[in-house]
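Taking it in order: structure first as structure tokens, then the write-up.
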Amino acid sequence: MSAAERTGSDREVMLSVENITLSFGAVRAIRDVSFDILKGEIRAIIGPNGAGKTSMLNVINGFYHPQQGQILFRGAVRRQMRPHEAAAGGIARTFQNVALFKGMTTLDNIMTGRNLKMKSWRTSLLPAMIYYGPTQREEIANREHVERVIDFLEIEAIRKVPVGRLPYGLQKRVELGRALAAEPDLLLLDEPMAGMNLEEKQDMCRFVLDVNDEFGTTIALIEHDMGVVMDLSDRVVVLDHGEKIADGTPDEVKNDQNVIDAYLGVSH
Amino acid sequence: MFYREAGQFKASYAADQAIFPLRQDQWGVALMLLVALVVFPAFGNEYFFQAILIPVMIFSLAAIGLNILTGYCGQLSLGTGGFMAVGAVACYKLTTGFPELDFIIVLLLSGVITALVGLLFGVPSLRIKGFYLAVATLAAQFFLSWLFNKVAWFQNYTPSGTITMPPRDVFGITITGAEADAMHRYVFCLVFVAVLAMAAKNLVRGPIGRSWMAIRDMDIAAELIGFRPFQTKLLAFSVSSFYVGVAGAMALSLWLGSVETAEAFDINVSFQVLFMIIIGGLGSMLGSFLGAAFIVLTPIMLTNVMVGGLGLQAVTAKHFEFMLFGGLIIFFLIVEPHGMARLWQIIKEKLRMWPFPH
Amino acid sequence: MMDFIDLVVFGPILDMAEYPAFFLEVVFGGLMSGVMYSLVALGFVLIFKASGVFNFAQGVFALFAALTLVGLMTGTVPFSLDKALPELPAWVAIVLTLLVMVLLAIAVERIMLRPLVNQDQIIMFMSTIGLAFVLEGLGDTIWGSEVKALDVGIPTGFFMLGEIQIQVFDLVAAAVATILVVVLALFFQWTRTGRALRAVADDHQAALSVGIPLKNIWIIVWSVAGLVALVAGIMWGSKSGVQFSLSLIALKALPVLILGGFTSVPGAIVGGLIIGVGEKVAEVYWGPLVNGAIENWFAYVVALVFLLFRPQGLFGEKIIERV
């Protein structure tokens, strides 16, 4: 399937950001930004440092609450969404600086991604204390799913290693695994390839494409490596100083004068 | 050489997730239980039960409680003593107020009451990150001590202000009160603590435990992937208070028999239990037991050696104990935050390799 | 119901109005303990700001300093309880004690902080609990654990201001505390080291990258905290004797911090005074209703209630979290 087909106009909108403004005191992090993410596409958010990209992701999954504007997720308006509601609604994410639970093993880290899918523990403590019976059955069923994620990401060998001891590239992979374990509809990746060498980047690109292809997961990603962005994404939105300056296919964006100015600098 | 996993294959996830996956470990645990359940009762004497085994068991339970909060969920409590006092007073009021109530139910209810009292102090302080729980639990420690001391209802208006556990039977055997045999009390403690420890282990190895550890290791990330920090911490604090409360109830009923609450469960008890989990191992069930044994046994040994052996003054031994514990805390936090439990693991890993160095 | 309100609300307030001189005396008394709480809290804030360490041992620092001071002044031979050494004049002993506190700061930085740098705050916090125990045991082992009188020559006695009795000692204590705070404020504002300290408090990494030596800063700040502890120890020790309970009372600086905000120097001072006055007034006027001794927990419970309404403290700032 080509990029053009995938972004055809008949496609359903998964999430749309409408006129979002976010400030911290006097600092405007995001100014009146709108864009949408279509179901099944890979959408890149790019821009120079401090453009408000990570803040945008934080708004989308409910960690920051914008002063103005709204977010439509699957057609429903979400104004003051909390992160756990976003997660329950099928939004998962990774972080710019690896944010794994460093005292836990790879397996446990990825299992935390399944926690929202596991119901029994939220209803009662007693079965969890007894463990054998429903709790164990649920644990095993989820373990099976997690093992599929581990297979997919080719990290079988480090299953029981505490993640604090893993090299950076693998940590990023485990983090992706944790997000995938939640079977998200929308996956937010904050610089998934930052600080990686070429080989690791290629692996990560392959995983991102595979996730999108095999599971049909919609992906929004922030990335600085333009080669990666151009290759992976279906559409790109460009932010600069908290404002949207361009939006379109990689080719359109690449030739946009505003974007070139923002990246290369121009005297205002 | 005998401690090898070679040839033991796990064919199911259930087997892989077992608490003691290695056959050698299973034998080891069975052996320990055999010693604790058969050998000790057969050969132990009154002093051994009363001064060593029973307190070790009870403090292990309290340490498990605090470890759930601190070791697994990363929140600090300095009010363990105060919450043990709640458990003890609840146990006393329940037994004297409802004489027909089964003793085991009384113990469990004491834990539940303690958890509810804990909520009063946890709700305001756990909404915010930082050391607020430490201060709130200090508040609990001082306030509860005062409350149980000043309000005579909690002591059933006894003039001495002490609370005394009346005799109670479990399965026809008297295990509380002045007449109860130390060996019987010990066996009950052992079984009860073992069951509750098992339940705690089950909690921490499942999704609930993972949610606690996620909050401990990186609370913002945990929040962003869908955990609710406040609720998660509050649950940890409640479960922790439950365990601590049961331990307090057991301390009154099965160990001390009669206490002046404010004195028996003062702030030093809070520190003692904290030291147990740091020295034993933060985030380890085994560590809770090792730490409790260490903190209970060390002062006894110090007194025997320094006062009995070297003829020093008791107060000198006490000061030395302060320095020793404080120094060990710093040492373990710097060198091995997972405490004695981790040292034991390292020994096992070495054993696996033995006789080869790598 | 009316009776209850009368007893709990109007009764004590009427008492206050009826004997205003007595009420003012209570308030003054409270202010004086408040000064002590402020001093200990100030030590907390200094260390917390500069090294991110929540120093549980601050109260024990005060005890340790006071013990050392008394030991030196009475000519006690360390570890032996013999008073065979020459008795030192107060000012010499104070200077020597200050030296001991600086050495202590260096030792703490070397032995404890340096290996623990970049650890979780909770680990740091627990290590300072360990430190508190070490110092308590050490202080008692070196200097003996009996209650000791401390007299560095602060004038005592009282005079009457109208109907109110004022203790000279209290005035001196307040003056010394004020001078200390002013000197510290000037030090932080105007000296090179002070600027470096503030830089470190703002951002460790950035401070390091412009060449501020973190190690030295930590030693300086722990030494300053030691100085503050020494002053607190002298005041408190002179007033009620040097003894173990001093370190427990000093724990009340923790609720003071909740009131004032963990990073605010004015917060520590105002919070300390509020707590000091509040608990004295509560003890005198409401204590009798509930058998007294509410001074032990009043500060903590106020802090807890405060948490519900203004968690960042009186002077604390709201924190923006980043990922």
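Things to note:
As written, the chain order gives the labels A, B and C, with residue 1 at the start of each chain.
Throughout what follows, a contact is a pair of C-beta atoms (placed from the backbone, for glycine too) under 8 Å apart; a residue touches a chain by one contact, two chains touch by 3 or more.
A quick note: this is a predicted structure, and the numbers were derived from the prediction, not measured.
The most distant chain from subunit A, with centres taken as the mean of CA atoms, is C. The busiest chain interface, judged by C-beta pairs in contact, is B-C.
The most central chain, judged by the distance from its Cα centroid to the centroid of all protein Cα atoms shown, is B.
Annotation: 41 Å between the Cα-based centres of subunit A and subunit B.
Measuring from the averaged C-alpha position of subunit B to that of subunit C gives a distance of 32 Å.
Distance from the subunit A centre to the subunit C centre is 48 Å, each centre being the mean of its Cα atoms. The set of subunit B residues touching two or more other chains comprises 220-221, 224. Among all residues of subunit A, those that touch two or more other chains are 63, 95, 99. Residue positions of subunit C touching 2 or more other chains, listed in rising order: 321, 323.
Here subunit B touches subunit A in the complex through residues 12-14, 17, 199-200, 202-203, 205-208, 210-211, 213-214, 216-218, 220-228, 239, 283, going by the rule given at the top.
Against subunit B, the residues of subunit A that register as touching in their complex are 61, 63, 82-84, 86-88, 92-93, 95, 99-104, 108, 111-116, 118, 121, 125, 128-131, 135-136, 139-140, 143-144, 147, 178-179, 182.
Per the touch definition, subunit C reaches subunit B in the complex via residues 54, 111-112, 115-116, 119-123, 125-127, 129-138, 140-141, 145, 248, 251, 254-255, 257-258, 262, 290-294, 296-297, 300-301, 303-305, 307-308, 311, 321, 323. Residues 70, 74-76, 121, 124-125, 127-128, 130-132, 134-136, 138-139, 142-143, 145-146, 149-150, 220-221, 224, 267, 271, 274, 278, 315-316, 319-330, 333-334, 337 of subunit B are the ones touching subunit C in the complex.
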